Amino acid sequence: MTKLKWGMIGGGEGSQIGPAHRLGAQVDGLFEMVAGALDHRPDVGRDYARRLGIAPDRAYGDWREMLEGERARDDRIDLVTIATPNSTHFELTKAFLLAGFNVLCEKPMTMSVQEGEEIVRIAKDSGKVCAVNYCYSAYPMVRQARAMVRAGEIGKVRLVVSEFSHGHHGDAADADNPRVRWRYDPATAGVSGQFADCGIHALHLASFICDDQVGELSADFVSTIAGRALEDDAMVNFRMSKGAAGRLWTSSVAIGRQHGFEIQVFGETGGLRWASEHPNQLIHTPLHGRTQIIEKGESGLYEDASRLTRVAIAHPEGFLLAVANIYVDIADIINGNPRDGLPNATDGLRSVAAVHAAVASAADNGAWKDARPPMFR
Amino acid sequence: MTKLKWGMIGGGEGSQIGPAHRLGAQVDGLFEMVAGALDHRPDVGRDYARRLGIAPDRAYGDWREMLEGERARDDRIDLVTIATPNSTHFELTKAFLLAGFNVLCEKPMTMSVQEGEEIVRIAKDSGKVCAVNYCYSAYPMVRQARAMVRAGEIGKVRLVVSEFSHGHHGDAADADNPRVRWRYDPATAGVSGQFADCGIHALHLASFICDDQVGELSADFVSTIAGRALEDDAMVNFRMSKGAAGRLWTSSVAIGRQHGFEIQVFGETGGLRWASEHPNQLIHTPLHGRTQIIEKGESGLYEDASRLTRVAIAHPEGFLLAVANIYVDIADIINGNPRDGLPNATDGLRSVAAVHAAVASAADNGAWKDARPPMFR
Amino acid sequence: MTKLKWGMIGGGEGSQIGPAHRLGAQVDGLFEMVAGALDHRPDVGRDYARRLGIAPDRAYGDWREMLEGERARDDRIDLVTIATPNSTHFELTKAFLLAGFNVLCEKPMTMSVQEGEEIVRIAKDSGKVCAVNYCYSAYPMVRQARAMVRAGEIGKVRLVVSEFSHGHHGDAADADNPRVRWRYDPATAGVSGQFADCGIHALHLASFICDDQVGELSADFVSTIAGRALEDDAMVNFRMSKGAAGRLWTSSVAIGRQHGFEIQVFGETGGLRWASEHPNQLIHTPLHGRTQIIEKGESGLYEDASRLTRVAIAHPEGFLLAVANIYVDIADIINGNPRDGLPNATDGLRSVAAVHAAVASAADNGAWKDARPPMFR
Amino acid sequence: MTKLKWGMIGGGEGSQIGPAHRLGAQVDGLFEMVAGALDHRPDVGRDYARRLGIAPDRAYGDWREMLEGERARDDRIDLVTIATPNSTHFELTKAFLLAGFNVLCEKPMTMSVQEGEEIVRIAKDSGKVCAVNYCYSAYPMVRQARAMVRAGEIGKVRLVVSEFSHGHHGDAADADNPRVRWRYDPATAGVSGQFADCGIHALHLASFICDDQVGELSADFVSTIAGRALEDDAMVNFRMSKGAAGRLWTSSVAIGRQHGFEIQVFGETGGLRWASEHPNQLIHTPLHGRTQIIEKGESGLYEDASRLTRVAIAHPEGFLLAVANIYVDIADIINGNPRDGLPNATDGLRSVAAVHAAVASAADNGAWKDARPPMFR
């Protein structure tokens, strides 16, 4: 099998997300990294790209150079990953889609709903992959959960409770720490702090597992540390289009919670629970039955869970392999095998719309707001 | 030490709460059961009381008979426990307080805020104990948590997250099950279902551990099962008087959660977590420190935690001993040792006021309401 | 129902075991404490007994006085609990049995195998209850485990793994601490330290749940702290009479383990796991099936588990109620309801024989020894 | 940085171990797979190698062809991984070392102690890397544990308790399942079943974390399923050269345990616990202190733990990244950075010697045997 050709924009030396994508793309031998514009400083980016083994003529100084360079080649990249600062995602995603490239964009896909709708239209017209890296949805046991819900194993969903609450921004003394401060400053983070950063993963996962979409929502935002213009703690109540109620709590001041991403789904005939810190187990309780532990790699899992598992039961698989699973699905689609679990432009848009709806609700004392993008109302 | 004399109203044969009180009152040898009006059917109650070893002349047919009988005796009971249906709590508590008895009332103390304020005034005037059985607050490790907060071990509290969500009313087929149905019928349950039943424990515990009171709140109520007039799932956001934010989730349709009572408290310099299903451990994370497990019975606990422990570290102590601890505190107070942890009429009133505020908020699309009783505004 | 009359020898003020028995006997209202010789200092014991509400004429100065006193009464005690130092258990148990009293003896029942056999014969001839307080066997979920094994739910047992390892004697500086030192001194503890203290509970529970008896064993004893003549860590391999293999680890220097009592039973078609620190759950895995959590108080438990439960599912019940369950079974037997789960003189004898066999094996480099009492070979 | 050139022998299509090595070697971009003799059927192996992107002239038919082919090249591989059947490890490792290649061999390194000593001598003379894939030792939190022990954080080690017990061979009906049967047949598995398969990992990890070596041991082997010539359950007691005692339990019939690899280390001033199923946490209890959770990725870890971590705290990292860490250490050594944690030929030899000593002990009723290889006595 020939490897697909892959390039990345952003994700330079010292970033968290760059290595995650490089490992994720390459661990299964599906993609080969052949191009990159890895740093906002052209020389730094070119040098780093070369050290990563990229040929000099594909070690680009910026994204425009890369777009032109790749467009001109016969052996152009099959996929570009966009891992640049949030405010640039729209422009880059749009440009590469319009030029006919498959795109994997870091979240948020865009800063505004209008931009998000534009990407959805462009992606549709292009016929190309436009994926957004909601990578928690690619854990095998999350796929198992969604498959169980779809198969009716817990009946119609009544309620979903999703949390993504950690405590790593709980130190008031971090007011001068640039790695924390930017997150609560509208100039750098946009309209929302913790909800846009982590809460949106929790909301996407709720929609993903329930196989449903958020309709209305009501939000309560709090800044628990003086000087933060944006929220560091948020509670969002919501309703899904098929009728389920939702509760979503996200916090960055929950000291003692490390990752703190957990989801519970309750239906007419059962409940499910999954936590990202111990991702290889899914907890299932049938109505009137005993709570059971479903293990990654056990026999009899749904196909979408078993195909995304690499090692035997009880050998843990972690975060990087979830990112890798995003690339597995993209490779499958590029190679002609449709995969419906991959988070796409529509998911990216819905997430952006939910952030804006939550911000509006929080500013309006929790009044209920329509979280749907206008194009889907 | 002479045992105190104790009687109970309600809690008849087959009830859950009756045995809990009998064991709780008597396990430590502090109280002796000498009187009772245990059933709404006089003969049944008298017979059961006699079988429990109560003398025939103190095996009463109803509460009025018991009130008169005990009032007339020199060796009158030192404490009466009221474990009758909710709607009768006000009348009985009032009558026994006015007659000069110490009272332990099951929650809710009253059905209306007005009644609650009346009890607070009567209790104050009487100089008698008027306790309400928010017994989770009497677990040793809950006392430890409160003592740690008071001592500043986690700094000023920013956020409290309290959950009491189980799944035991998750079967829609229980529509005809009288033990479930009454809880969601305003005729029997009053203005609120799950929030008044379980949520209020979670709210009391939040106030108790934070040593603070709820100010405003906003509620989202849901009935997930057709035919339920009252909520079976509720989310309540609140603010405490010292500034902390609160999130409270309560549900009776969370299939797979058995008891589901957990509380997390986050302050400026640390976090705490406690769960009623494993009540002998308290989890503590100092800011920038490692998560630690505090064990019931370990050396160096606060006095309020260590004095309420009966057996050595790691020998688990459970629910009935928490109820017993309520009696320990009452006995101490009767014997002249003030105990400030005992839930009293003011706690009972605040809880009733919070229920009414939440109901009003939920009916008003989550608009924020003042949860304080008028007399404390 | 008339309460049974109960007395205790030993368990004086400040002891751990005294309160456990008083609470255990009285919590359910089955026994009333009417007699006691609670301290080796006659005056201290009499005074304490009176303060506990015992009538002066039954507040005895020593066990002989109590034996004579009670024997002479028409309303003699129905049960005596022996909670004196280990070396006295044989003499007291023998004397009270011969005088026609029901006895509950703390473990070890005797110091020698010969004494143990004598008690078994006397108990049999007497027709009285002779129970030994292996109280872990009275937890509801332990009873559930045994009932499942008996019913064949995990098939023929192949292997049992039992651990009782804590770290509370892990400080070498405790060499001068009398509460620790005596345990490792043959003059006070007898032939074995940690194995006789805790390991024997683990061995009894293995036999109890498997409904089987130990045949041969091989032991490895270690004293990890200089100056300890007796072992503070032991590993015992054994074979049961029905063919199962056993592994038993016990330690008092396992720093970080608090109680550390866990048991796993593996059969042809499933496995079970139970831990005393979280006693309300029993973990069950059927062959080729998912691991399930069985909850105390759930519907459908075996009768021996459900009858020993006092409060609803997920309300934890702890150690003192396990002790209480020993008294429940004794009361039932006294009242004419046979109970086969109660640990009796035969269990006490088998435990003593196993200790001696383990000591002999450890002294002989782990050579296999017959652990059966001579009378059962 | 130029990638190192890597080849593998064995690990063909459908094997578990092949993908683990391919991902492990390549995930960090340190090695490039350029050669392979992947199957015992030459054509199948060549074809699979080509499909993995290996050039046709380096897609070899068998290991001899590969040895000759690579030896003749200027761009010969920097490392060969040997993932063939156990009985061939000795011959291949010897041949490649003598030819001047660095070798990573799957365990067991050899079948006999004599062969093991020969490899140790050859490896030493060659000056090449001879690593053995005891990959659990490469988890970051295992490295943290060893560094803590070395730094004296738990004082002198008194006791180590290591378990590797699963239940995946617990079905007696697997007697005809070739994937299970071979493990208990001396013709295919050699002298030991479960102990050689899994127990040896537990023993290596005990030595690794304690930074010590096994001296004497005593073993109890059991075959719980009829027809198994080799043990499916084993208990091994041992003594380490610095004086610590050890207990090791391994089983393949422990139904309900999935991976079941856990290790506890107890020293004079603290205890440690680690489990491979939740590998990102290390549990630490200081003497007289509270149990603490050490998280992978937290600040302040020892260098050997932090350098082997790829993503932030609480993003789980799993088994494949532990395998990858073996390759990280090998690459470092090849590149001139000494790494003392890598399991080497001496570790491989000690493991083989321990297996033979345990087999001899078990056959001799648990008599204590010297587990040290003759060359190290």
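Brief remarks follow.
Labels for the chains are A, B, C and D, by order of writing; each one numbers its residues from 1.
In the analysis below, contacts are C-beta pairs under 8 Å (C-beta built on N, C-alpha and C of every residue); 3 or more make two chains touch, one makes a residue touch a chain.
Please read all numbers here as calculations on a predicted model, not as lab measurements.
Comparing chain pairs A-D and A-B by the number of C-beta pairs in contact, the larger count belongs to A-B. In terms of the distance between Cα centroids, chain A is separated most widely from C. As a whole-number value, the distance joining the C-alpha centres of chain A and chain D reads 35 Å. Chain A and chain C have Cα centroids lying 55 Å from one another. Separation between the centroids of chain A and chain B, computed from CA atoms only, is 42 Å. Along chain A, residues 284, 288, 291, 295 each make contact with two or more other chains. On the chain B side of its complex with chain D, the touching residues are 284, 288, 290-295, 298-299. The touching residues of chain B, when paired with chain A in their complex, are 154, 158-159, 161, 165, 167, 170-172, 218, 220, 222, 224-225, 233, 235, 237, 245, 247, 249, 251, 253-257, 264, 266-273, 283-288, 291, 365-368. Residue ranges on chain A touching chain D, taken from their complex, read 1-3, 16, 19-20, 22-23, 26-29, 51-53, 166, 168, 258-260, 276-280, 295, 310-321.
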